[in-house]
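Dumping the structure here so I can ask a few things about it.
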């Protein structure tokens, strides 16, 4: 047993209950139902236009909200079930983090835009709250297997708070009005990297290989990504544009990802790991300029390039990172969210430069500075805090092991012993 | 072999075909398409308001209808796949019962509200028909493993007929206008209990343990529960309120369920059985007052308490029921639907008492009397009828065995013999 | 090793990249966003009516589009995962073909209806593009296991091009205005048969048996079929009619399929293969007359008969086809899409004859002639082209084997060796 144990008995329940009770109190003070009468609340720049529509039927966005919900809870939630001894954790902790993140996200986004001293909850704000959880779940993908539920709740709390502040600064103070500012996305990426560095431990095999079970999550993400990129766009032509761009970017991305996978693999075979990740790169990359007038073929070019870059990343970059820097990218965060995200940021800047959207160079520079500052300070701080030894994190030789934080049924352990390995002989594996 | 065999050859096809042919004849006589011209059909109290909206676009509710559909057919349908030798039955019989229940439900609800002698089918009525199936599927969860397809069809027929009459009385005669009357829900619960008692047999192990496969059903239910609680609310502000209340009640419930699970388990570990059930208790409990003005924090308090109550129920009540009363609650009906349902009923009454909704005490008492009467008489009768020995139910030693009513592929039997148990030692089959 | 190897190294990437680059160029030339200003583009007969609605909100159809998307990518995409050594191929190639088919379909349908020289992409057109993929995926179900990715891309290219031309002729030149012309559907069926004949090889066991994993796909298809049959119907009463007809046809079909399955099986047991396929026959059969005024009971009669016909087909026709004609119908294309499709065609003709819809006998005859001509020439040609020996198709003894075109993880091969069989001892299995 290590000096600090992985026993969660008091730490976890107290933290979870405290966070929830504080949240309920803040809700009691600040959160009311949307009554359809809006001042200048502007959760996003397009809020004004948006409200004109939703005043007529407050549930117009509800189907898109449910699509985003499915992406968050099914798509991200079950993507990591290929980790054989870590299925309970990957799906169970996902639900926990997402449920807290959406409540906290609603507060952290809404507190900057009080209307008559209140946060008025609309479907639009629920979608934004769901978005908050997306970054948390990507971060979870980077650090899972090596973290305790307590650490993850703290990460969620810090991450959402920090980005609430940064995005308020960028959107409201600097008047950068892009729905998905490339700087904000880039900052989130840097933040994840630094947090990751904080909990880094070079595990042995995570005991996983892609199966068609996790493929179903890829397909759910692939199908609903047009909703993700368009849900908070201005209703009407802009929203249709965002749907169209994402739909065709994703389609083009599939062809290039398959082609490059076959090109780089032995005997021209396809690799399921490439397919399950690189086919989504088109959705990530087109995100920043989804609601810009880049033409369907422009979106397809972005998707086409993203599919190539992401597949090459899995083939050539991941092994280099693993052997040279000791970074084990179990969930392909670099290749799916990192490089395609940067590609998308560049595409967005080019599109703005070509006059597809208004913008000011000075404000953009300030936005970059703010975002980088928050990412460096926030990510570094989060990483350091998570490194503190008393959060009940798993000992190094036991990462990716469900049985530390979950009751694993005895009979199942026996039955799936081939797949699960013998828990008691764990150390031999490391 | 028992005196009455489990051979379904004539019983089941004749019953199924007869029921379907009678249903088609009743449809031919009574059911027409909705033509948008409504009198006072009022399938529910809010029908009048509702129609004003749907007259403009009859498919406004269609996305919510599909969410409810997914909950019924995927959420309830695959929740029991953790039963290892009973996967065919749990998913296959679910589809059968749901398909019959929605047809019969449309008739039993609609016959009380004929317009010009006809039932005019709208999306609104289809949602109500889907709701009919929900109670049937919860009942199925209570009696599965010990019942034949014939018994289950009879149970469906009786249950929907009885509740059609009771809910007509409560809604129309007594003018109790709550969307989900707590008495109706409570009556359904009592009914299920009595029916259950009728088929009760103390099986050995049901051979199941929670896996992340069934977790995906929990998540589908969790995601779409806001649609379930709001689909038939009055469009506009009330519907948004129902969505908001359910969304935050469910989120708060997750935190308290995880916290309590960790608190009561050995070494602070989490238990997947708690997580997969108690995280839904917030949706059940907030149901009765989903469209009341209780405030988002009020909904969260209900969810928070429901998560605690449900988890404690799984930990402490289920073993007591099993050892003292011999009730084996395989699917957690008590802890997920029973106690949170009662909690929700109390919350609804408190909310009405606090003036959140109009109501008359005398009528409420009459509604309670009516509902209890129907539940006791109906549940007792259904239980007795199902106990009759000639419905082809499985012999006591063979409950939870797919091979009684399904062709189980030989090759699969061999392959999964470890999981399935050794079929050749199964007396009935050999 | 055969003279022509299964190595895809150059063939597949070059073909995939070339097709995608050509597609992007055609998109750059022809495809623009929908600006809401429409001339007489009429992708379908109901376009005029349709636009009046969508001009107000271009995303009205978006929820139905997502339902269709789920059917295509989850429903069809994972239906074949019961093939144990062929899971990667069935889900992976499905995504590839669908992604190409929807892009190519948009071009092939849109080029006949240019507005100001452009194809204006709307949600309506995206739904039609998704429909294009449905036939391709049914064809894929007929030829899978015996075809290379290169062959499948060529099949997709030819199939969509041929039917784009035929359906243009039928809809625009002959003014047959039915949404789903029975002739067009029949032609697609003949086409699939001929293509199938082209690649025919009598494999040994495909190593698959139905499990509840593939059952979830059936249920997704079952739930969303009402969207499939109604998505491009005229908004308002017609669309509601199409939803209603499909919903009740599917429900009636379930009862008759279960009843007949029990009737024809040993000891009255149910067969999962029947259940998973025949329960969908009601959706196929009602397709042609979904938007006709046949009454809910009329739709139920169609569904009821389709469930019977389809189940009997699985029980009695499939073995005859296999033993006498050597056609191994792994995915039940005959029984699910063939016979119920023909039944639906007949029902549609009867409905038109009874005056439920306008029509001209001469034009109908011409439509039949055109459709048959395209099917015979197109299907024969596609079959011959796919038979050419240099597309890298698998050798006869290796059909239904993932490892030919996919990197199969070593560890998994070991682990699942019982299920996967020993790849090198393949022949012994047959």
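As written, the chain order gives the labels A, B and C, with residue 1 at the start of each chain.
Everything below uses one rule, namely that contacts are C-beta pairs under 8 Å (C-beta built on N, C-alpha and C of every residue); 3 or more make two chains touch, one makes a residue touch a chain.
In this text the structure is predicted, and so the values were computed from the model without any measurement.
Asker: Are the chains arranged, by touching, as a line, ring, star, complete graph, or other?
Answerer: Per interface graph, the chains form a complete graph.
Asker: Would you kindly state whether over half or under half of the residue numbers at the chain B/chain C interface are used by both copies, giving same or different?
Answerer: Counting which numbers both chains contribute, under half are shared, so the two copies meet through different residues.
Asker: List the centre-to-centre spacing of chain A and chain C in whole Å, with centres computed as mean CA coordinates.
Answerer: Distance between chain centres, rounded to whole Å: 34 Å.
Asker: Can you give the whole-Å distance between the Cα centres of chain B and chain C?
Answerer: Between these chains, centre-to-centre, one finds 34 Å.
Asker: What are the residue numbers in chain C that touch two or more other chains?
Answerer: Residues 63 of chain C each touch two or more of the other chains.
Asker: Which of the residues in chain B end up touching chain A in this complex?
Answerer: Interface residues on the chain B side: 60, 63-64, 67, 209-212, 215-216, 219-220, 222-224, 227, 235-237, 239-241, 243-244, 247-248, 250-252, 254-256, 258-260, 262-263, 265-272, 275, 279, 293, 295-297, 300-301, 304, 418-419.
Asker: Quick one: in the complex, what on chain B touches chain C?
Answerer: It is residues 7-14, 16-17, 19-20, 23-25, 27-28, 31-36, 57-59, 62-63, 66, 69-70, 73-74, 77-78, 81, 87-88, 90-92, 95-96, 99-100, 102-103, 121-123, 126, 149, 404-407, 409, 411-412, 415 of chain B that touch chain C.
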